[in-house]
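Below are two complexes that have chain A in common, paired first with chain B and then with chain C.
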Partner chain A sequence: MSLAVTELRRRPGRFAVATVVLTFLSLLLLLLGGLLDGLFLGSTGAIRAQRADVIVYSDTARDSFLRSRLTTEVRRQVEQVDGVEAVGGLGFSLLGATVPGETDLADVAVAGYELPPSGVPDPPSAGHAWADERLREAGVSIGDTLAVGPAGTPITIDGWVEDTNYLQQGALWVTLDTWREVQNANRPDAFVAPDVVQVFVVRGAGGDGLAAAIDAATGSTSTLTRDDAVFALPGVSEQQSTFNAIIFSTLAVVLAVVALFFSLLTLERTGLYGVLKAIGASTRRLFAGVVIQAVTVAVIAFVIGGVLAFVGDALLPGDIPLQLTPGRYVFTFVALVVAAVLGSAISLRRVTRIDPASAIGSAA
Partner chain B sequence: MSSNPAPSGAPLRLEAVRKVYRSGDSEIVAVDHATLTVADGEIVALLGPSGSGKTTLLSIAGGLLTSTEGRVVVGGQDITDRSPRELTEFRRTTVGFVFQSVNLVPFLTAEENLLVVAELSGRSGMSRRDARQRAKELLDELGLGHRAGNLPSQLSGGERQRVAIGRALFNRPALVLFDEPTSALDTKIGEQVMELIQNEMRSRGTAAVIVTHDTRMTHYADRTVRIVDGVLSDDPVAAGHP
Partner chain C sequence: MFLALTEMRRAKVRFGLLSGAVGLLVFLILFQQALSTGLINQFIGALRNQSADVLVFNAQARKNLEGSIVLPAQQAAVAQVPGVAEATPLGEGTFTVLAGVDGAAEEQDAVIFGYQLDGPGAPTTLVEGRLPEATGEAVASSRNADEGFGIGDTVTVVPNAGGAEVVFTVVGLAEEINYSVSPTLFTDFAGFEAAKRAVNPDATAVLPSVMAVRVADGADPEEVAAAITAAVEGTEALTRRQAVDGSPGVSAVRQSFSVVLLLFYLVVPLVTGLFFLIVTFQKAGALTLLRAIGSPAGLLVRSLLLQVVVVVLTGSVLAVGLFWLASRGGGGLDISVESGPVLFTVTLVLVLALLTSLAAVRRVLRIDPIAATTGAGVQVG
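Up next, the complex of A and B:
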C-alpha cells in the first residue's frame, strides 16, 4: 500500500492524464445529474409535496392532471371507501403572469388545493396565493399582485413556499374557487364547473390496495400512488430514462478509461512487478496497490470536478434547471469509486500472470 | 554433478533436480539431475554459457520455479512441493536476490528500497523502527549511509548494485542468489562489486550462488561449478581459488 501511495506522491505526473480525464468525466456526471435533478425537482415538486397516499384521476384522463375532471359525486364514493381518511381536491392551470415592474411574463402554475401539501400553509383567502420561491427569479415579491393569464386575473402574493413547482412553472397555491376563476377566465376551452376538480389527493392506509379499492368503488377513476403519479407527469419518465442512459454511459467511459490507463501502467510495470514478486510480494498486494491508485485518482478527480461543478452552478444563469444536491454528489462519488475499482480489476489478470521467474535472466 | 558433505541445515541442497519443459510432443531438458550442496558461508560461482540452464537452476534454488523431479532444500526447508503462495512466503523470508539489471524501485530512495522487504512482510515482519534501523545499518556497512535519501537515478551503477545487495541481505537470508551481478558493469566496477559481494557474504557467513558467464569473476568464489546443457560439473580450473 505504501509503495502505491509513495508512487502517487512522487510521480504525480504519471497519473496526470488519467486525473484530468476523470475530472472532466466527474464534472460531466455531476452536471448531467444536476440537470436531471433540476428537471425532476422542478417538474414534480407540487406532487412530491402532497401529503397523500394516492391520487385519484378520472379514468379517461390517462393519468393526466390537465385532462382529468372529477365531480362531488365521485368524491362521496371515494370518501366511503374503507381506509380513506381525508380527501382533497386539486387542480392546476399553466399560464403566464405579468409581474409588476417586469417586462417578461412569469411562467406560473396556479394550483387550487384543499389539503395543504408539505410546507404549504392552509389555503389563503380568495384572490391570494402562496408563491413558490422560484418566482423570486421572475421579480415577484410578497405583496405583489400578478395579472394571471390573458384575462389578467389578479392574484396577490401572501408568502413563500419551497420546492412545490409543477412542470418547471412556479406554483401559486390558491383556493379551489380562485383556481376555477383563473382557469375559466383564461382557459374557456377547458372550463371547470363549480365543485369540479382535476384530481383528489387521498390520505389513508393501504397504498396500492387503497388505490384498487377506490377504483373498484367508483368504477370511473384511475388511482395512482403518489410516487407513481410523480412519474406519470408528462416527460418525467422520459427525462429520467434519457439522462440515466447518458449518466451510465459516462460511467462506462470512466470504467474504460481506468481500465485502459491502469492496464497500460501495469504493462509498463511488468519488469518491476516481476522483481517485487521474486522478492516476496504477493499478487494480492500488488493488485491492491493498483486499486488504491485507481481509487485515489478517482477521488481526486471527483473533488476537483465537484468544486468545478459547484462554481459552474453559481455562474450559470438561473433559468438553467441545474440543481446539485448532496445526494447527487454522494451518488457520483460512489459511482466513480466503484468504476475505478472495477476498471482497475481488469489489471488483475495481467498482474496475476506476471511470472516472478521473469526477474531472473532478464536485463530489461 | 557436484557434491559436498550435505548437512541437513545447509543453505542450499539440490538433489537430482531435473527441469523439463514440454513443447508439444517434444521435451526440453533445462536441468538434468543436478546435485549441488552449498555450505554455510560458501560462495559458489555457477558458470555456463547462454542456454546452459544456469538461470533455470538459480530460479529453482530461489523458489521461483519448481523442479520436475528431485528435491530442493534451502536453509533446512524442503520447498520441493510447495504451493506458489508458500513459495512467495519462502522467497520473502529465506532467500535474497540480486538481479542482473539491479531493478530497484525507481521512485524509492536507497533506504526505502531496503525497507520494501519489510513492507512486503507486513505485520509478520519487524517493526517499522527496527526496519529503519536495519536499513540504516546495512547502508552504512555498504558505504552508502550518505546516499540513503537518494533515488536510484541519482546513484552510480556500482552504488545501485550495492543497494540491491543491501535489499537482498535485509531479512538475513540463509542464501543470496546473484544473477549476473556484473554484466551491466564495466570490468573495474564489476570487480569492485564482486569484491564487495565476497566481503559482505564472508563477513556475515551468508552463503551465495553467483550465476555468471564471465570467467574473470569466478576467482571471487570459493568454488566454481560449471553447467553445460543442464548438467552440472565441478570446474577443475577454477576450483580451489580463494
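Up next, the complex of A and C:
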C-alpha cells in the first residue's frame, strides 16, 4: 500500500494527464450542478419558503400563479374544510423597477402575502417591502424607494430576507393591498379586484387528503402540496431532468476515463506485480494500491476543479445563474470518488489473474 | 495497417472503453448543442420569425415581452418618428386553452400573439394553409399541429368567472414560431383583446405588449430603433435581432452552454491523446523491433493515426445512436438530429484528437531502430 503512495509521490508526472482530465471533468460537474442549482433555487425560493402544507389555485389556471384568481367566497369554502388551520392569500407581479442612483432596472417579483413564509417577518406597512438579498447586486439598499413597473409605483425597502426569489426575479414582500396597487397600476390588462388573490397558502393536517378535500369542497380549485407546486413552476421539472441526465452522463465519462487509465497502468506493471506476488504480496493488497491511487488522483482533481469553479463563479458575468452550494460540492466529491473506485475495479480482474510463478521466468 | 487493426481486435476492452468514453463525450456535446439551440428557438422563435423590423418595448420591461405594455401616448408617438413606415400594436399573453384531437379536448397552456392583419408582426414561416384574414382565425406553431393545433382545429380560451369564451380556428401552420416553449397562435389584435378580456373581465384596458414597426424603404432598422428610443419617452426600440438576443435568459443560456461546451471539447482530445501516448510508451519495445526489421517510421505513424480515426469514428457512431435515442424520448423538449451540426462536431473532435495524438507520433518518430541490437529499448512482455 505504501508502495502505491510512494509511486504517486515520486512519479507525479505519470498521473499528471489523468489528473488534468479529471480536473476538467470535475470542473464540468461543478459548473453543470451549479447552473442547475442556480436555476432551481432562484426560480423556486418564494414557494419553497412558504410555511404551508398545500397551495390552492383556481382550476382554470393549470397550476400557474400568474393566471390563477381566487375570491373571498372560495376562501370561506376553504376555511370550512376539516383540517384547515390557516389560510393566507398570495399574489405575484413580475416587473422591472428603477433603483435610485442606478441606470439599469432591477427585475423584481412583487409578492403580496398574509402568512409570513419562513425567514420573512410579518407583512410590512403599506408601500413598504422586505427585499430579497438578490436585489443587493442590483444596487438596492435599505431605505431606498424603488419605482416599480411602467407606472413607477413607489415601494420602500425596510429590510432583507434570503432565498425567496421567484422565477429569477428578486422578491419584494409586501401586503396584499400594496401588491394589488402595483398590479393594477402596471398591468391594467390583468386587473385584480379588491378581494381577489392569485392563490391561497393553506396550513393544515392531512397532506394529500387535505388537497383532495379542499378541491371537493370548492369545486373550482386545483390544490397541490407545496413540493408539487415547486415542480409545477414553468420549466423547473424539465430543467431538473435534463441537467441530471447530463451530469450522470459526465460521471459515466469519469468512470470510463479512470478505468482506462488504471487498466493501462496495471498492464504496464504486470511484471512488477508478478514479482510482488511471488514475494508474498496479496492480490488484495496490490488492488488496494490501485484503488488508493485512483482515489488520490480523483481527490486532487476535485480540489483543483473546485477551486477553478469557485474562481470561475466570481469571474463569470452576473446574469449567469450559477450558484455553488456546499451540497453540490459534497455530491460531486462523493460521485467522483465512487466513479474512481468503480473505474479502478476494471483492473481487478487483471491483478487477480497475475501468476506469481511468472516472476521466475525472465519475461517480466 | 494490418497490425493496427489486429491490435484493436485483440485489446477489445481497452479500445472499447476509449471508444465508449469518446462516444459519451461526443453525445454530450451534440445533446447540449441541440438543447441550447432548440431551447432558444422554442423560447423566442415567435420573435425571430415575425415580420416587424423593429419592436418597441416599454423601457421598464427589460426587453421582456411578458412584462411590456405600450401606453396609448407612446403608441401615437412611435408612428411619428421619421423612418417609421407603419407602427401597429402587437400583443402577447399566455392563456389556458382547450385544445385536442377528435373531441378529446384538454386544458393546455398556449401563447397567443395578436397583430394587426396586413401589418407588421405576422408570422413569416408559413408552411401550410394561410394567414388569418378575419377575427377568430389563427396561425398555429407547426410543432404542435398534432396536439389539437392542426388546420381546421378549434382552440378555446378558457375564461375566468365573468368572462366569455373565445374560440379560434386554426387556418395555417408556421414553423418555429413557439414562444416560452408553449404552443403558439398568431391571430388578429381584436382576437387577442377578446382573449385578454375573457380571463380578466375586470381589465380596464387591453394594451399592446409592444409596437410592431415596419421601417420605410431603404431605412436602416437599427437607426430607426435608436431614433424611436430617443424620441419616445419610456420606450426601448429593438431590431428583430436585438430583441431575440436581448430576450431574458437567451444570452445567459448561450453563455452558460458555451462555457460547458468548450470544456467538453477540451476533454475529448485530452482523453484520446493521453490514451495513445501511454499505449505508445508501452509498445515502445515492439515498435523498436518493427523498425529494426525494416518497417518505415511512416507506416507506424499511419497505423497510430488509423487507430485514432477508428476510435473517434466508432465513438461518433455510438454518440449519434445515443443522440437519436435521446431525440425520440426527448421528454417534451423535442430535439432533432440534423446532419450539419453532427458532421461539424464529429469533424472537430476528430481534428482535435489527431492533433493531441501528435504527442504519441513524436514518441514513435524518436524510436531509434539501433536500440534493438543492444536490447536496451526492447522489452517484449
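Keep in mind that, in the parts below, the second predicted complex is superposed on the first by the 362 of 364 C-alpha atoms of A that agree within 3 Å, B and C clash if a C-alpha of one lies under 4 Å from a C-alpha of the other, contacts with A are read in each partner's own complex, and residues count from 1 in each chain.
Throughout what follows, a residue touches a chain if its C-beta (ideal position, glycine included) is under 8 Å from a C-beta of that chain, and two chains touch if they have at least 3 such contacts.
Predicted model, so just to flag it, every value in this text is computed and none were measured.
Considered on the superposed chain A, chain B and chain C are sterically compatible, since they fit side by side.
The partner of chain A that touches more of its residues, comparing chain B with chain C, is C. When the two structures are aligned on the shared chain, A:G271 is found in touch with chain B and with chain C.
When the two complexes are overlaid on their common chain A, residue A:A229 makes contact with neither chain B nor chain C.
By the touch criterion defined above, A:A171 lies against neither chain B nor chain C after alignment on the C-alpha atoms of chain A.
Look at A:I279: by the touch rule set out above, it reaches chain B but stays clear of chain C.
Looking at the shared chain after the overlay, A:S2 reaches chain B, while chain C stays out of its contact range. By the touch criterion defined above, A:R67 reaches chain C but does not reach chain B.
In the superposition on chain A, A:A309 makes contact with neither chain B nor chain C.
Chain B and chain C never share a C-alpha pair closer than 11 Å once the two structures are laid over each other.
Across the two superposed structures, the residue set of chain A contacted by chain B and also by chain C is 271, 363-364.
Across the complex, chain C is touched by residues 17-18, 20-21, 24-25, 27-28, 31-32, 35, 58, 60-62, 64, 66-67, 69, 71, 94-96, 98, 105, 107, 149-150, 168, 184, 186-193, 234-235, 238, 241-242, 246, 249-250, 252-253, 256-257, 259-261, 263-265, 267-268, 270-271, 312, 316-317, 319-322, 346, 363-364 of chain A. Every residue of chain A that touches chain B in the complex is listed here, in rising order: 2-3, 6-7, 10-11, 271-272, 275-282, 285, 356-357, 359-364. Taken together, the chain B residues at the contact with chain A in this complex read 55, 58-59, 62, 64-65, 85, 88-89, 91-93, 96-97, 99-101, 103, 105-108, 112, 116-117, 119-121, 167, 179-180, 183-184.
Against chain A, in their complex, chain C makes its touches with residues 13-14, 17-18, 20-21, 24-25, 27-28, 31-32, 35, 58-62, 64, 66-67, 69, 71, 93-96, 107-109, 158-161, 180-181, 196, 199-200, 202-207, 234, 248-249, 251-252, 255-256, 259-260, 263-264, 266-267, 270-271, 273-275, 277-279, 281-282, 331-333, 380-381.
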